[in-house]
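Take a look at the structures below.
Each of the two complexes below includes chain A, the first together with chain B, the second together with chain C.
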Partner chain A sequence: MAKPEHYVIIGNGVAGGEAAYHLRQRDQASRITMVTVGRLLSINRYELPKLFTEPNLDWRDFLLNPPEYYADQEISVRRNTWVTNVEPTKRQLVLRHRETLSYDKLLIASGGGRHIPEILTQYRDLMMKFGTYEEARSVCNALPKGGHMVMLGGDMIGLDLARALVKGGFRVTVIGKDFLFWPHQLDPDEKESFAQVLRDMGVGVITDYGAASIAADDRGPAVRRIVLASGETLDADVLLSFCGLMPSLAFLAGAGVDLERGVLVDPHLQSTDKNIWAAGDVCQIWSPEEKQYRFYYGWGNVKRMGQIAAFNMTGGDESISTFQDERLVVTGSGEIDSPYWHYGGDSGG
Partner chain B sequence: MTSNAKTDIQIAICGSAGDGTIAAGDILKQAMAKAGYNVIAFDVYPPEIRGFGKCVARARITSEQVYSLKGKSDCLISLDDSHAIPHVRELRKYGAAIYEDTPMSDMAEGMHISGHLEPGHLPYGVPMREMSERITSSGRSRNIVAVGYLAGLYDMPAAVFHEVIGEKFARKSPELGASVRSAFDAGFEAGAGSFRLHFDRIGAPGSAGRHVDLIMMSGNQALVRGCLDAGIDTFFGYPITPATTIMEMLAREMPKHGGRLLQTEDEISAISAAIGASYAGARAATATSGPGLALMSEMMGLGAMAEVPMVAFVSQRGGPSTGMPTKTEQSDLNLAVYGVAGDGQRIVLAPTNVEGCWKCAGKAFEMAERYQTPVIVLLDLYLSNRYEAVELPDENPFASDCSKWAERDSRARPYSRYRITDDGVSPRAIPGNPGNMHTVTGLEHNEQGRPNDQPATHQEMSAKRHRKLLPALHHPGITIEKRFGDAGKVDVGILGWGSTFGEILEAMFEAHKLGVSCAAMKVVMLSPLPVDPINAFMDDCDAVLVPELNYEGQFAALVTGATGRAVNRLNRVTGTPMNVHDIVTEICRLAGRTDSIAAE
Partner chain C sequence: MTQRERRTIHISEDEDFSDSHSYGQRVVTPVRYSTDPRDIGWVKENIPCQVACPALTNIPAYIRMITEQRFGRSYELNRMANVLPGTLGRICSRPCESKCRHGWPGNGEPVAICHLKRLAADYKSSGHRINESLFAPTGKRIAVIGAGPAGVAAAHDLSTLGHSVTLYEREERPGGMLGYGIPEFRLPRDVLDVELQNAMRLGVQLKTGVEVGVGKGKLRLSELRRQYDAVLLATGSMEATPLPLRGLKNDAPDPARKLGDVEYGLDFLVDLHRGVPKKVGKRVFVVGAGFTALDCARVARRLGAEQVTIHLRTTEEYIPVEKDEIFEAKREGIVIRGLRTPVALLTDAKGKIRGVQFAQNRLGGWRENGRRAAIPIDGSEFEEECDTLLVAIGQRTVNDYLDVKLELDRWGSVAIGEGGMTSRDGIFAAGDYVHGPTTVIEAIGHGRRIAIGMDTWLMGRERRKLVVKIEPVEKPLRERSFDFIPRQHMPTEETASRFGNLTSEVEKGFALDGAYEEAKRCYLCYHKYTIDVDNCIFCRACIEVAPRDCIKLVDGVEIKDDGSYGELHQVMRWDQVGAIWIDNNQCIRCGACYMVCPTKCISITRNEMFYQDV
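Right, the complex of A and B next:
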């Protein structure tokens, strides 16, 4: 009898979770191991803004699947675990705690962390994060009732939060000279028109100037003073950066897999190593239409990538569609959305 | 700390001998007892005298009175993954695992505990070794870093840990104490800074906090304290797990009180010397475990026949033979009650908790003297090594001399050492008392002690030796048996003895929550058996359950033999304490219920 395949997935976000589910569906005998730095099982980060309107929720309410799901599906989730190296020739990972982990097929779905524009990187410690449950809860705890949150950038992830905050009675100001509506690329007129939609929702939007510097105010550890390029100042109870994502792939340095800003994969999501695939916010997919590698963001896209990667890792032959409708629209309820960014609420597996 | 929350947290620390596992557990339980919480703790050591066997220290910290450890822990600390990995299943859903994140060397796949945690567990990898090396220039304080991390993560009061560390290390060197405290503080800061995903909260100490004099003691420590409070004069022993610490502690303490202790060449010598010392008028004792008691049985018979007061502390472990030296069991009941040639009845006391160890130890000396008999105090490894926060009275309740002494220099009539009396107890004399010359022998004898095997003599003396023990059932100042739970008629009654009674009480309370009418009776005196109270209890019960840690149902057989009534047996010989869930399940079955509590 052939030895069961060992599929290892780095990351436990939407793409990784979806891949694990489909791997199990297609290969009942296999070993499936997910490796993630987080302490929690996969959570639905798209719903984290709910913490501001329903403060009694705890992390269990955000789990994509309960613990029993992983036990039933025989999916091992190694949490609080850092991959330091990938060694494709040995088909093994080296973990920070000095354990090695072998694989037959590897899926990199490590997602991305916040991107901070170079001019502001020196102030990164003055900005809170919002990518995990723990970070979201910390923001929630730091923001006083009716308090003021300032967002640098204002990408689509941040705008979901801004909408929830305004509903919850908080003040929100977006400094959106750059990255407003990221990953959508809008011309100036379009951008101004959608910015007005935000203003109509009650979100303050500054599009003329970006932030030039940030200082900790003496009123408390979470209070920040932002100096705009115009010299004006803005005080915030909480400051966050929503300037897009930076793929998390430092562990791939030296692995021999082709990288640019992300892991370069073909439309089958296979990397330049035959045993390594990538899915989600970490990968740049070759677009035959555009003749370039590009990122595809949004819940629908990463979910689909997880499915296709699993399909192809188990002998399938499916390509991802690299065409997408990138229009930004105003929904009937007055919210800004786009067909591919839209979160459908289905937790998948 | 969250002031209003009830506290009920169980911590398990698992490591290899040499990792400081037991020391870490000791600091934890001492600190939390000092803070006013109820603490029940139980340490498991490796059977090997040398080597790197597994150590597990468990401590349940509560604001309310509880009676046993929980089946599952809320937090598992691994100081050695190879030992801790099998214990992962003891961690409850959403429980926290704290483990080493910077091991010394590379490891193969599957050797790190993070790969064995269940999906519902919460992982907290901590660079214990690195932190210890950074703070103390040595990795040896990683156990203290771990305890500090735990304390910070659960918002435990750091000040009491500082006190305990200070007390523990002050005798060694102030520098070492300061270094250990620094390691604790580093761990505490890291723990306090970690995001808390667990749902356990440390509340105020609660009703336990009213007591300011709670002392953290093990069963063996309490037993030693009882011996000292009772004024023990002499002790003879031979080391054997789990009774060895009794002799070790007495060796330290007795000289301070003018007592003498001798380690003999074996158990036979130990009990022989104890009987000899007692015959000479001293308060004497020995301590052993099942295999030692087996060797002592011949001299136990001499003690019974010669009517010499003597106390033997027996801590049971897995048997027969060498058995399982570091595992708990209650399988020496038959040996304790019956193990002697002939009809050699003696008193057997089995405390059910740590405070009971103190009380039974002290009262054993009173009983031995008053009823002129060997008294066995029967513990087991679980109770010997179990720690509880106890409050002992300021006033010493133990009488210093309970002997019925013969009148000295009585020349009026010859002294009859074994004179038949109404209560069966004959006035006693020690050798050398003028006018009290007498013979002592293991042979059957007449009232003067001279060998005599006449039918009437043996009949009469046998009756005397048994009759004199019955008043022990009403000996003042000690609980012989006690009923708990629902009054009046109940669906299920649980009869228990020894260390298992804590689990029985916990199970009874769980059954009450399920709406089952039940009561429990603990029986502390196993010989002579309090038959009348047991019968009265059984009259009230539709069904009677006897859970005990032996295969044969030794106490169940004792009860059935004495009452002629059937009981339902629940026997486990896993080497571990009885599982509360198992008892509740059996209670429910006997009550005609199909439900029980969750396994965790």
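Right, the complex of A and C next:
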């Protein structure tokens, strides 16, 4: 009897979770292991802004699948586990505690972490994070009722949070000289026009100046004073950075898999190693139409990538559609809408 | 083969200790200097930082001196191998750090070796005196052409060997790429000038503004060979590699030299440092992936460019530049874009650059130099706008200044033998002039090795040799807790203060507290831990306390052809064990085994390799 394939997935976000589901559907006999640095099972991070409008929610409400699902599907989830190296020639991962984990096929779905512009990295410890349930809960606890959140950048993840906060009665100011509406690419006039729509939605937007310095404040552990390049100051109850995503792939350095800013993959999501695929925010996909490698963001894209990767890891031959409608629009009710905000449907079938 | 003397301490003089039966007593050997290939082989295998350094700098020794607050001594230990320590402490490419044992998987981050080198130079006392050891005058006269790193290092060494050296340099000041290619915000000129002067103080006669060549007013190489007993060519690689645009024939004029606001990065920097005022536009493109490209980009920002983009053929992962420097460039607002090859230059009606046409690349296979090939994709062309283009895709050597025919290798560089001699008797070559553009430390290392080769040829015997000094160490000099100290980071100038001038140094240097912590992180790999198998009682206490798999049960050790120890034959069964053996390759010198051994059968020696006058 042939040895069952062992599929290992690094990352348990939407892409990794979707891939795990489809791998199980297509290969019942296989072993599937998900490795994640997180302490929780897969959560839908796109829904985290709900914490501000429905404060009684807890982590169980954000799980993509209940714990029993993993037992039923025989998917092993290694939480709080860090991959330090990938050794493609040996087909194994090296974990931080020095265990090695072998695989037959590997999916990198490690996603992206917050990108902080290099000019502001010295202030990184003064910025709260929002990538996990625990981090989102900390922000929620630190922001007082009606409090003021300042966001650096204003990417679509941040603006999704901003619109939820405004609806919840909080104040939001976005310092959006750079990264406003990322990853949408807008010319200056378009950007200013959409920025005005944001202001009409109740979000404060500064587009002329960036942050020059940030300091802690005695009034609270999360309180910050931001000095703009104009000299003007802003006081924040909490400060977050939403300047786009940086793919999490430090563990792949030196592995021999082609990287640029992300993992370089073909439209089948296969990397330059025949046993390694990538899906989600971590991969740069070759676009035959545009003849360049590019990222595709958003819940819908990421979910689809997980599905396609799983299909191709099990012998399929499906390509991701690389023509995407990525326009930012203004709805009939005068609000901004983006395809990156289109969430919906359960993950995993 | 040298004989080992073995004697013990704490035993009376008339006791016969020839068979070393000294249970419970340390076995100590006196200091000795060895040229035994096994001892040199041990150093090469176990001190990865020193071996990675092209100048063979005794890194653990100088870092240890910092923990002892002996900055002058640390500086001198550096200077024994690299005659410009304060300079290299700022701009070295640090091949040692990528090999540092502390950076191996599972051990954390490498030691900040280069920053510590700078610290020793900065903190040595103002009254510090340079130590030099001088041979008697030999009566030999040597001409060195080129006062760059290789030339200065060779000139210094040749003068200490007793020769009369004249150093010819075509620019107004010495330094080569150090003085003309590296911006002051990375390498302050006062630091460089003092060290260059110190290197030449022993009687090197420096003649600047003198060009060797075949034209009017130039000195001919053939004439120099007649006047001097030997000549060293160290003229570097100071010509920019032309930009290979699509469809350009070999003999066509180089558009990158014809167009306004397009310049080769090397020429841009050399002119800048000659005092020629330079201007850039608001939107600057830099094409290239090395130190010169990064320097051009950072200079452009300081000259007022608002948007500076570096365009790479491959990706950031393969740039041969320190990650810290890439980070600082990004902090200064410089954007890096990968996977593109420039294929055409776009001009406006006035013939000035208005943009570049690129082709998208994909990554190809591995090249000989460890980098990746970049393969342009057909039909993937796209255009981007700029108003200034700086091209820094490489440098090459030129031989057109020679009036003596020298044999060249297959890359067009002068061919040399083992001692550095070219195909003409008495004409030697060193540094980038031989190898093509490398790094400053490689040039220095090569310059010094060729100086030894020249001296051997002139004097008929080897007068400077590689030796290993082996001396006992009384006890471990580190604690296990040192292994958990995080790597200290270099403080830098606030980004807002960096612009508007080209001289404000970006890296500020370690403060002393941070430096001591960083110095403690060094494992001191020059310490060799050895178990005396005759006195070991196989209690395994050392294995129990070892933090890694560094003490092994073996039934034998491979003996290589040169007599040195090779692979360990490990066993798992207790009844097959021949010895308990410390694998120095895995050992992190924490000293735990030494402290716990009940029979004191573990000894430590310090093994320092350096060139010694003989």
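The rule we apply is simple: the second predicted complex is superposed on the first by the 339 of 349 C-alpha atoms of A that agree within 3 Å, B and C clash if a C-alpha of one lies under 4 Å from a C-alpha of the other, contacts with A are read in each partner's own complex, and residues count from 1 in each chain.
As a convention for this text, a contact is a pair of C-beta atoms (placed from the backbone, for glycine too) under 8 Å apart; a residue touches a chain by one contact, two chains touch by 3 or more.
The structure presented is a predicted model; accordingly, all values stated were derived computationally and were not measured.
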{"item": "Simultaneous placement of chain C and chain B on chain A, clash or fit", "value": "fit"}
{"item": "Partner chain(s) touched by A:26 [first = chain B, second = chain C, both, neither]", "value": "neither"}
{"item": "Partner chain in contact with A:50 - chain B first, chain C second, else both or neither", "value": "neither"}
{"item": "Touching partner for A:79 - first (chain B), second (chain C), both, neither", "value": "first"}
{"item": "Partner chain in contact with A:98 - chain B first, chain C second, else both or neither", "value": "both"}
{"item": "Touching partner for A:138 - first (chain B), second (chain C), both, neither", "value": "first"}
{"item": "Partner chain(s) touched by A:171 [first = chain B, second = chain C, both, neither]", "value": "neither"}
{"item": "Chain B versus chain C as contact partner of A:40, first or second or both or neither", "value": "first"}
{"item": "Touching partner for A:272 - first (chain B), second (chain C), both, neither", "value": "second"}
{"item": "Winner by number of chain A residues touched, once chain B and chain C are compared", "value": "B"}
{"item": "Which of chain B and chain C A:260 touches, first, second, both or neither", "value": "second"}
{"item": "Angle, in degrees and to the nearest 10, that opens at chain A between the C-alpha centres of chain B and chain C", "value": "100"}
{"item": "Per-pair minimum CA distance [chain C against chain B, superposed on A] in Å", "value": "6"}
{"item": "Intersection of the chain A residues that touch chain B with those that touch chain C", "value": "98"}
{"item": "Residue numbers on chain B that touch chain A, as the complex places them", "value": "93-94, 100-103, 105-109, 111-112, 114-115, 117-120, 122-125, 195, 197, 199"}
{"item": "Residue numbers on chain A that touch chain B, as the complex places them", "value": "39-41, 58-60, 67-71, 76-81, 95-102, 134, 137-138"}
{"item": "Chain A - residues contacting chain C, complex", "value": "84-85, 94, 98, 118-119, 121, 212, 253, 258-261, 264, 272, 291-293"}
{"item": "Chain C residues within the chain A interface of the complex", "value": "105-106, 315-317, 327, 330-333, 338-339, 360, 362-363, 377, 379-380, 382, 495-496"}
